[in-house]
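The following pair of complexes shares a single chain, chain A, combined with chain B in the former and chain C in the latter.
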Partner chain A sequence: MDTPQSEKPGVRWLVPAGIAVTAGVLIGAATPAGAVVVTEIQHFMDFYSGVFTLVGLTVSMVAGLVATDRMILKIQHRILAQALHRAATLISMAFLVSHVVIEILTRNADVVQVLLPIGRTSAIALGTVAAHLMIIVALTGVARARFATGRRPWLWRALHWLSYAAWILAIIHGLLAGRQAPVWVTWSYLVCVAGVGVALLARGLVTVRPRGGEEELPEESRSKAAKRKAAREASRSAQQAANERIKVSR
Partner chain B sequence: MTGPTLMGPMVTHVDAPRLTLGFDRFERLDLDRHRAVHGRLYEPRLSKLMAMADQVDLRGRGGAAFPFARKLRAVGRHMTTGDIAVVVNAAEGEPGSLKDHVLLTRAPHLVLDGAVIAAHALESREIIIAVAGKGPALRSIRAAIAERKLPVRLVELTERFISGESGAVVRAVNGETPVPPGVKVRTADFGVDGRPTLLSNTETFAQLAVLSSLGADLYAGVGTSTEPGTVLLTVGGSTVVETPIGTPLGTVLERCGTTAGQGVLVGGYHGGWLTPAVATHVPVSRAGLTAAGGTLGAGIVLPLSPGTCPLGEVTRITSYLAAESAGQCGPCRLGLPDVVRALNALADGSGGPEGVRRAASIGRGRGACSHPDGTARFALSAIEVFEQDLTVHEVRGGCGLPVRGFLPLPMIEGGDGRLAVDWTRCDGHGLCAHLVPEIIRLDRNGYPIVLNTGIPPWVESNARRAVAMCPALALRLTTPDVRAERRN
Partner chain C sequence: MARRHGKNTVVFLERTARLANRVAVAGMVVVMVIVLSLVAVVERVLLAGRAEAPPDGEILLQIPEQSPRPPPSTPSRTRVAPPTETLTQQVSTFTLAQRGPAARQLYGVRPSRPPVVGTTRFSRDRTWALGTTAIPAPTDQPVMPQVTLFMARWDEGVWRMALSGSPEFSPMVRQAPVAMIPAAEKRLLIRYSDADADSGSAEGLMLPWRTGDAWTIMANRGASESVRPLGAVAFRGGDGRVLAAGDGRLYRFCTTESDKGLLLVIHPNGLATQYYEMTKVTDVPDGGTVKQGDYLGRIGTDRSCGGAPAGRPQVRFAIRQGADDVPLNGLRIGGWTFQERAKPLLGWAERGVLQVMPGESMANFGPTDIVPPDPPLVSDIPDITVEEK
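On to the complex of A and B.
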């Protein structure tokens, strides 16, 4: 049950949990064995956080696109797709942060390059622009409810369309910057492109369709009502026995 | 008859007062005055107390009318083994009820006497008084406890319609969320901190004190043969009146300076409506009111004055009751908004009473407490009693009378938000109806119908999700306080 009471503890535990994990990592890194583990993790992140950022971004885009479908998906599936869209975005943003931090720490980029799209190679500059666009899209995505209240919902849509630009730039950045991409990584990029292409096509098709479509609702509610009625009748005899017990004493 | 005092609502009586004895002379009966008025405290043993309660058939006065002697017996079985707690339930969650408030404010020692008598008989060492909200009642009972140097624990509760249910009170005393528990456990066996607990309403304890000081025979000197004694009623949400059981309701209304008006609601918002003709003659007793189609409940009597639209008033109260649900049980969470929808349709002429009957057939006992039952009974009796008004609504789409809000409701807090649709943007995606089925349904074309009530707290997070997930950015949450909205 979603109640305000059940939400608060989650938020309350977030900060202490974060501090505990950070402290654990720092203490772990101080021991020789821990230092090895931390170095390994750092290497791993150095290799893959950029890849994961892009994969997360792609999943987010596909899920976001799929969520707009009215042809195949039912309402609950669209809600799930939206939830996936948000979760993938969050993961992608987290990896983006780690990607940028690690690139700075390993001296592959400097702070100026992160803030401005200038520098040694244009491949890195593309990544910078893509990251900035991603951040704009994510932040306005969080503030979506405000756009719904305001008078310019189209502004939100325009800003959200920037994600396509961000994504294409991110893919080019991924292929050109850094190490030579292994074959499977290149393949996964291709799968990404194909996925978003298909999803875009689906979106284009659906918006052409006239609104409304098949009405599931009356049928659904009727079947629900029938179920409720059946349940009522089934429990009627049980209720008579229960009636003795339900008297609420105040 | 005493006028309105500094201490609160007007208090009056038909025939000789018992619980309200001395109220015409004193605003508050402190210990000395209390002893002067009611005499010395007499503490009978359990067997004697049970015999007396049995003889006069003393019932719980919080609404359920559970036989007090049976309750004593159930708790008394644990006397040798358990550490028994005695709880005075003063969580008067129903708007329109003031009797417990008046007792605590003006005769706190009578209530304490009752609790002490019960505690003594059960050899209990802990008395707990659960009071809703701060105010004169809390101050008065606190002062009374200090006067007698009693080891009584005071628990402050948040005031809500359902928080007066016994299970909810026990949970509140235990420091849990004050909602009725899903699994019924007998408070008598497993109450406060898992101990056997005698929990009853404030008036019940006051009646117990009077019974013990008068003795069963004298106590039964007034009232009917099956229901002896007096009863406290709250009339019109403003006047508390003590009357012998069996008095015609018309006499009580007259004493309070009012009439039956368009109809009288008896038993509060879980009770039933009576037509003016029936209300004038019906005797104020459990049997009499039940036979007439109402209930005595917690003694709430609400005559509906002329000049307001009865159907509108009923809809207003039903919306409130739907929002007061704890949202725990499906039949209540989804069923009560259905009743509101059906009543709305009735009011604007688009639906008939059949719709209300269908929506209100929630089925008895299908909830952790009697909230769905009681609310359905309230709506059903209203469409019977106000049949004429319904016909006018059905034919003309309204009766032309304004809804004046004569029936009492608690003050609505500032954070009461509403969902609003921008119809130019809405594209009938239907996600909102899936996320908040309590408030939003879809019409035949797949567009949302938003129930025009406030958003109950347990729906709020889902309402926010619906706003965030609307593909057309057409849904928004409006709050009276714009700054509160900005913060979110």
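On to the complex of A and C.
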């Protein structure tokens, strides 16, 4: 992930391809047939980008929680969970942007509400706050390495804890704002909250575990360092992730 | 042993790294798709003016009042806006010219009041309009008022108009900007307008009240020259809550007050159901979707579209398609088949061996018409349990 784009094989054609696809979409959307399709897309996104933001956030949160587990999972599982955590966050952020833009376009929200939690209903204001928290968490998440090597690694952790607040606010926002939530949606939200609650509890157990667990760390990291060296050719990104994690957990 | 362990780990890590990369790439692909969709939507909005709210959301109602004033057009547009204030008058005249004879035949007399026009939606540049118009029924005829949707387009200095059911209507709907009429609504309007009234396609419709309840059916033969015993049907009873007979989109007519007026619900098969005389009419916006069983209003005595007073609260109910009323004869709705006979002049609803005449009550068996099972034999007396000691 941290490898410069130009060094990756096959990336050279990616930029022209991206430009070509974007141009194709822009031209296609201007045709009458494209307009019909885009209208359907708009309708779909108006209905579901908010929902998918929340779903992505939930997946990200669960994956992030799973990635911290050390009782059941092996290191490779945790690397995978981290990859999922990042991908889900990325998708969720994209849906968040789309949700906000579409709501403004359809006049369900004002531009001011993007910045300030004000407006017609407090339900939308909740969404604004949740979005802000989410963006803070995501941005600091990207800059995690800097925090880890800096003097205040705890600050990163504290900021990352904001995601729980963002998530809860987003759920309330999802239930109260917009269209009336069907019963099954309400129930699945509750199930999500319960699931994350259980996962948090599991994490708490790991954290509160006797200190012996912590003392294993140096040895674990030593062996990991050896593995890392061996796996360097295989993947720089995965190993980097592991590296970062160790730093932070110290 | 240790080396073997290390080798295994390397393999594992390689595989993990590959999988993790794949997850990251998949994530990027999804993000690209979202971004491109958003780009397309924003472009569309910029091209077609600011997006209209989707039909299920909030739609700005623009019903001209008694003194139609020019709508608040955007000052940034330098082009001369079409005269929307003359549209109401022109549509009214047009409706009378097109549908006047049919209304006269149905009402028995010449319509006494001019058509009531409700312009509900304009395109961004105000060159397109979609609205509703109705010819009020005479105050001595207990009939369903004649209603129709209209499309209008400002073209070379004149408003070109088409009423639903006429061959010009569908092409205009097709050409209208999608920001004004979403694609799904276009399909529905075209199906409604183009459908030839074939009876018996009321599949899936139910009677407009809560399933299981029984309401009284009232019928007038209407004043039409081709007399139909079930020409004008109304229902009353139960909890008084009128519900949508099927899924569809809702359009309002003759709305002098926000909670009154005549409702037309166009169903996906092109058939539409009409509800009139209600009070406390739902606030679902024009063109908004309703589901089967959604609340539409309460039975009432509203006369905003004319018609003879019934004396007691009721809902007048009819089925329409394109330009025509669809006779109830032979239709199966809510588990009942409606029948009409000329000699003797009789109309009734039947279900198996059951027959219900006007003035009697009939139960709504719902859309699927499943014969309700006999109530299970349940006793309040608990089973006797013998405890052995």
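To be clear about the criterion, the second predicted complex is superposed on the first by the 192 of 250 C-alpha atoms of A that agree within 3 Å, B and C clash if a C-alpha of one lies under 4 Å from a C-alpha of the other, contacts with A are read in each partner's own complex, and residues count from 1 in each chain.
The criterion applied here is as follows: contacts are C-beta pairs under 8 Å (C-beta built on N, C-alpha and C of every residue); 3 or more make two chains touch, one makes a residue touch a chain.
This is a predicted model, so every value here is computed, not measured.
K.L.:
Touching A:33 in the superposition: chain B (first), chain C (second), both, neither?
P.N.:
Neither partner.
K.L.:
Of the partners chain B and chain C, which touch A:43 in the superposed model: first, second, both, neither?
P.N.:
second
K.L.:
Which partner chains sit in contact with A:67 here, chain B, chain C, both or neither? Use first/second/both/neither.
P.N.:
Touch status of A:67: first partner only.
K.L.:
With both structures fitted on chain A, tell me whether chain B or chain C touches more of chain A's residues.
P.N.:
C
K.L.:
Considering only touches as defined above, state whether A:95 meets chain B (first), chain C (second), both or neither.
P.N.:
Touch status of A:95: second partner only.
K.L.:
So, A:111: does it touch chain B (first), chain C (second), both, or neither?
P.N.:
neither
K.L.:
Is A:82 touching the first partner chain B, the second partner chain C, both, or neither of them?
P.N.:
A:82: touches chain B and chain C.
K.L.:
Quick one: is A:21 in contact with chain B, with chain C, with both, or with neither? Answer first, second, both or neither.
P.N.:
It touches chain C, and chain B stays clear.
K.L.:
What residues on chain A does chain C touch that chain B touches too?
P.N.:
1, 75-76, 79, 82, 235, 239
K.L.:
Quick one: in the complex, what on chain C touches chain A?
P.N.:
Within the complex, chain C touches chain A at residues 6, 9-10, 12-21, 23-24, 26-28, 30-32, 34-45, 47-48, 50-54, 56-58, 178-179, 182-184.
K.L.:
Residues of chain A touching chain B in their complex?
P.N.:
Chain A residues touching chain B: 1-5, 7, 67-68, 70, 75-76, 78-79, 82, 144-145, 147-149, 153, 156, 211-213, 215, 217-218, 232, 235-236, 239, 242-243, 245-250.
K.L.:
Going by the contact rule at the top, pick out the chain B residues touching chain A in the complex.
P.N.:
Residues of chain B touching chain A: 60, 62-64, 66, 71, 89, 164-167, 177, 180, 184, 187, 199-201, 298, 327-328, 361, 363-366, 369-370, 373, 422, 425, 427-431, 433-435, 442, 444-446, 457-458, 460-462, 464, 467-471, 473-477, 485, 488.
K.L.:
Spell out the part of chain A that touches chain C in their complex, as residue ranges.
P.N.:
Per the stated touch rule, the residues are 1, 18, 21-22, 25-26, 28-30, 34-36, 38-43, 45-47, 49, 74-76, 79-80, 82-84, 86-88, 90-91, 94-95, 97-98, 101-102, 105-108, 179, 226-227, 230-231, 234-235, 237-239, 241.
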